[in-house]
Structure formats: C-alpha cells, structure tokens
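Note that the chains are named A, B and C in the order they appear, and that numbering of residues resets to 1 at the start of each chain.
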Amino acid sequence: MGPIIALFTDFGLEGPYTGQVKTVLHRTAPGATIVDLFADAPAARPRPAAYLLAAYATWFPPGTVILAVIDPGVGGARAAIIVEADERWYVGPDNGLFELVMRRAETARSWEILDRSTATSASFHGRDLFAPAAGRLARGELPAAPPRLEGSSRHLDWPDDLPEIVYIDRYGNAMTGLRASLLPAKARLDASGRVLSRARTFSDVPEGEAFWYENSNGLAEIAVNSGRADATLGIAIGSPVAILG
Amino acid sequence: MGPIIALFTDFGLEGPYTGQVKTVLHRTAPGATIVDLFADAPAARPRPAAYLLAAYATWFPPGTVILAVIDPGVGGARAAIIVEADERWYVGPDNGLFELVMRRAETARSWEILDRSTATSASFHGRDLFAPAAGRLARGELPAAPPRLEGSSRHLDWPDDLPEIVYIDRYGNAMTGLRASLLPAKARLDASGRVLSRARTFSDVPEGEAFWYENSNGLAEIAVNSGRADATLGIAIGSPVAILG
Amino acid sequence: MGPIIALFTDFGLEGPYTGQVKTVLHRTAPGATIVDLFADAPAARPRPAAYLLAAYATWFPPGTVILAVIDPGVGGARAAIIVEADERWYVGPDNGLFELVMRRAETARSWEILDRSTATSASFHGRDLFAPAAGRLARGELPAAPPRLEGSSRHLDWPDDLPEIVYIDRYGNAMTGLRASLLPAKARLDASGRVLSRARTFSDVPEGEAFWYENSNGLAEIAVNSGRADATLGIAIGSPVAILG
C-alpha cells in the first residue's frame, strides 16, 4: 500500500470541507491511503487539540503524513508549517497544534510553507495550502529548504501534560491531556469535585459508576460504565482535572 | 477490485475509532475495499443490532467480510469469534450479534479468535483484535483450526423476527426487526397505539401520514411522508410493535 | 488515478445509505475515486440544493461524475436523468436539482435513464438506479441514446441567483444562493433585519461580529467571527436575504 495520510480536523465529515480536502490529496498523491483520524477535534482550540494529537498521531507508523487543521486564525498572520517528528510528517497552522508532538519527539524539525499561490482562498487553507503540501510529502517530495531555526514559534510555557478535558467522544467519555503511564498506579482524579479511582476497563466497574482508565491510546480517560461521563459529571472540553496521590 | 470489508459498529465516524480500525484493515489487507455500512448501529445493544445486521449483511456479495462491533462487554469474559454463513465472513464479539445471521443461513460455522497478543488494549478490541482478524480473512487467510461445536453460544431463545424498533434513521424512519416478506400482505402494525397500514413508498401516502412499508433491505419500516416517524409516534429503539392481521 | 465520483446527498454518512451507494459504485467502476462532497445537503429541498450544487460541482475537474440525490419524490413519477454540463457528468432525479448547473454551463445535455430493472426498490433509487448509472459513466460507458430535447423539464422560472440561505455548515455559517462575484464590491446584505458588511475573512473582523464574505467556492456566506451565524441571526435554510447597494 502507499503512504498513509491521516486527517485531524474540526471540519466534520458531512459538509463540503473534508471531501474537498480528500479530493486534493487523491489528485496530488494518487495511491495514498487516506484515513479520518478525528473530524471533530476541539473546534478552534489548538491547545487541547495539541495534547490529543500527540497521543493519537504516534500510533501511526513512521512515514505517515498527518494533516492537522485546527485553525481559528485562518487567513490571518499565523504561518503554515511542515513538521517532521520521529519520522512522521505533520502539516498545518503554526499555532501550537504541533507543540507536544515536537516536544515529545527524539528528533523534530519544521519548515514554513511559503509557496502560496494566488489561488489560495482566505478561508480554506485546509484545501488550498495544507492539502497540497501534505500530498507532496506523501508522494515523496520532501522540503528542499533548510528547516527553521530550532525554537521557532514554540509554546514552551504549555505544560508537558494538560490536566484538563481535551475531548469528549460520542459515548460521553472524557479524555484528559494526561498520559496515564506517567500517573501513579493508585492515582485518583478529581473532576468536578468527584474523586475517581482507576479501573482497567468498563466491565470491571458496576453499571453507572464513574472511574478513570488508560484508554487505548495512552490517555487518562474518565468514563461511566453504561453511562455518559460528560453528563454525569458536568464536564466539557477545558474542564480542569486534579491528580490526587 | 479486492474483497469488500463492510463495517457495522456504533463507533461513529468523526471520532478516532473508525479511522484507526480502517488503518489496521488497510495495512492488513492492502487493496481491500472498505465501506461503512452502519456506524450508528444500536449502541451497546447486541439484540436489536442482530436483526438489523441480518437484514443488511446479506445484501453484500459472497466473499464479503463484515466487521461487526456492538460490544458492551469489551475487555470482559465474552469470546471473540469469526462466523462463516452462506459464504460471507463475520468478525466480532460473541454476544448474540450473529445469532440471526447464523440462524437464517443455509450453512454456518464459527471459530473462536484465540491469538490475543499482549498488545491488545482492554477497551478497543475493534482495532486490536477484530480488525486484524477481518483483515486476515480479507487477504484470504482462512481459519486453520476446526470450527466450534455447532450450537456454541447460541441465543436460541431469541425470536426469528423481532417485533420491536431496531433502528431510527436520520430522517426519523423506524426500522423494525420484522421481515416484511413474512407479514400478510394486508397486515397492519400497531406502534405506540397507532394502527398503521402498508404502503408501497412515501409518495403513495398523503403528506404527514404515518404508514409502514417494506424498506429497501426487506425490513418492515415505519415512516411518515414528509415527517419524522420517531417524533410523530414517540418511538425509539426497543419500542414494541404489534402485528394486526 | 481513476475518475472521481463525488456524492451530493442528504443521506448522512453513519446510516446504511451512503455505504450501500459506495458499494455499488466500487463494484460498477473499480478503481474510481469516490469522495463525499455533501452528505447533508438540504434534505428533500431540491431548489436550495440546486444553487449549492452549482457552486460546488464546478470546483471538480472535467470528467468528474457527480451523483446528486435530493429526492423527495423517490418512487413517484419524476424521471431519473443524466446531465452532461461543461464536461462534467451528473446523475440524479429530474426535479430541478440540476437546473442551475445546466443554466450556467456553456454546453449542457440531458438523458432520461430508462433501464429500470425489476430489482429497483421503490425507496432507494440512490443505490438501485442512480449509483449503477454513475458507475457506468465513471468506467466510460456514455449514453448511447440521443439526448433529450433542449428545454425538457427545466425550471426556467427559478432565479439565476437565489437570495436565500441554502446551507448551514457545522460552524453555523450560512451560505446564500448568491454568487459573490456578481455582487457590488461594497454590497451589504440584510438577513433577519441585520445589515451585514463584507469582509475578506473571519480574522479581519472583531470577535462576535456578523459579516458576509465570499466563501472558498464563490458563494456569499454569512458568518460571525468566533460565533454561530445561524443562532446569532436566527436564520435557517430558506431564510430570505436582501442585497443593499
């Protein structure tokens, strides 16, 4: 099979945005395998999205191209960039979205995308700027220019792990920006004043009980067996989580 | 074209679950054609899902692999199985989801999936256990072990047709678990105390009128012309339906 | 890569409709690239959908096949047609959906699809009638019969541009049926009694402010920076928009 291009956006799937992006990718990199990773990543919020992306992107094999567009500043002054981190490629806006991917990588470099044609719309860089760049990477055209200086546009004030909810899935499970492997084995989490113990998975706790567990991509996730954690606990993207020893 | 792999899940499409499953399928069975059959099958309810699956899976050509995951017991004691029924292959949890597929088939066999690696997460067998098994089937690797004993883990107490709503579609149409071809031509259905007559299709009844018809996959479906049957009749998955002669 | 088949429907993606349509397309035209353009086009409303389709379909390269199904009259008397307009192919119901595509094209022809087999369901022509026709076009089988007489089933009373909302996207942005390039540079739009000025894009106006702009497919679109235009202005598909000089 050809290279994988994984999409991480807030574009949704039913409207016109993702379909146009995929059309550009198919035309630029025929034979690439395109998969939807997230189409409902935190809308217009690069900071929680950055922790979600770092947990999920590294699941893909080396050589994968990740097109990541959470881009409230589209059409404004923010740069467009390519990042290479541990042999995976990332394309998207320079707004912090790749901060955790870069920080956690053994090796990371970045390039600004400068070849903006006049055909680039002011509001849809996902289609007009990022997708062509991702397609070129997928077909093997690597950046010709030298990478940017180390430290360009970094968000070094952001924490290594984010003690907040970064994503609510369709079942109402709430992912945090905390890597479970870095938490004490017996750690409890406080969310909305409720103290939650760790479990292995849903079927290990009684129905209706709230708990936290290490999800299948390594994040600490808050859930309720046979229920919705978001509604039960009154939590949403951005809600704080405290770690209790 | 290569074999078809059809997905029948409650994973949704916008979050990370279906995309990761498809990535595994693409890598395990390059060249397979992957289609989304249902991503909103009855969440965590294998019994209504089993009647929906039986009606829709048999629409696919022989050789199709159906990856079906409605799995409230993930990570618990339920087995993981492969089913072969009338030359179609099914992969998923052993919780009754394949009961009607097997019962209605001329020939059916099943195998337990035993090769669980330590890399299998406790909460995402769709990605870690079922997708690799489905991919191996799609690339032609059939089970080497002998099938399970006939009758293993069957749900023979479930009825042949389910007089309940098993799915609400995006238009508010309500599919039952009843095969229309087995109902008397003049049968009426009672749903929520409303008696509904049969029609051929929407445009044959006045606007706003509730009726039932044989849908395009053979199920008796309750609908309202230019309206939502679910809201009009106050019905949901699990609501009972009575057959009136 | 093979030809592109773009889907424009109100079928949604999570239920069984789009997946079955794609299965037929893959089997009829192996190697075609299938993309979802809209799965949430105006449900059962061919008139606003026609203006949306005309703006988005022409973004695709010549040779593209657009399968467009907004079809409240399915199973009734309306014809099924193929349209060729400026070297793109369209397949769908003859209910006005292609009126603007044809009117704006330099050359346009249409054919009625007559080969209805007995296997055609009464309620799912997208799968049983339109998808096979689109697949045959994609694999190069052009209509053998002469086209219909010019003027067949046209909706010449519909305006060239529609001063109404034709689509609300997932962010709450409201697309009109007006081509921005035909509006005076300084035009203001009146929607729900609010007078809106033109801007280049979101980041050019203060947060919370409503404005209109030329979207990435040429339509005049009403938006609120960091907000939802639909909720802020109380507008929906069909809401009128007035052009102020």
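As a convention for this text, a residue touches a chain if its C-beta (ideal position, glycine included) is under 8 Å from a C-beta of that chain, and two chains touch if they have at least 3 such contacts.
Not measured: the values here are computed from a predicted model.
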Copies chain B and chain C touch; is their interface built from the same residue numbers (over half shared) or different ones? different
Fitting the CA atoms of chain A to chain B, what rotation angle results, rounded to the nearest 5 degrees? 120
Would you kindly tell me how far, in whole Å, the mean C-alpha position of chain C lies from that of chain B? 31
Please list all residues of chain C that touch 2 or more other chains. 12-13
Can you list the chain A residues touching chain B in their complex? 1, 4, 6, 12-13, 33, 35-40, 56, 59-61, 169-171, 200-204, 213, 215-217, 226
Across the complex, what residues on chain C touch chain B? 11-20, 22-23, 26-27, 30-31, 43-44, 72-76, 121-124, 127-128
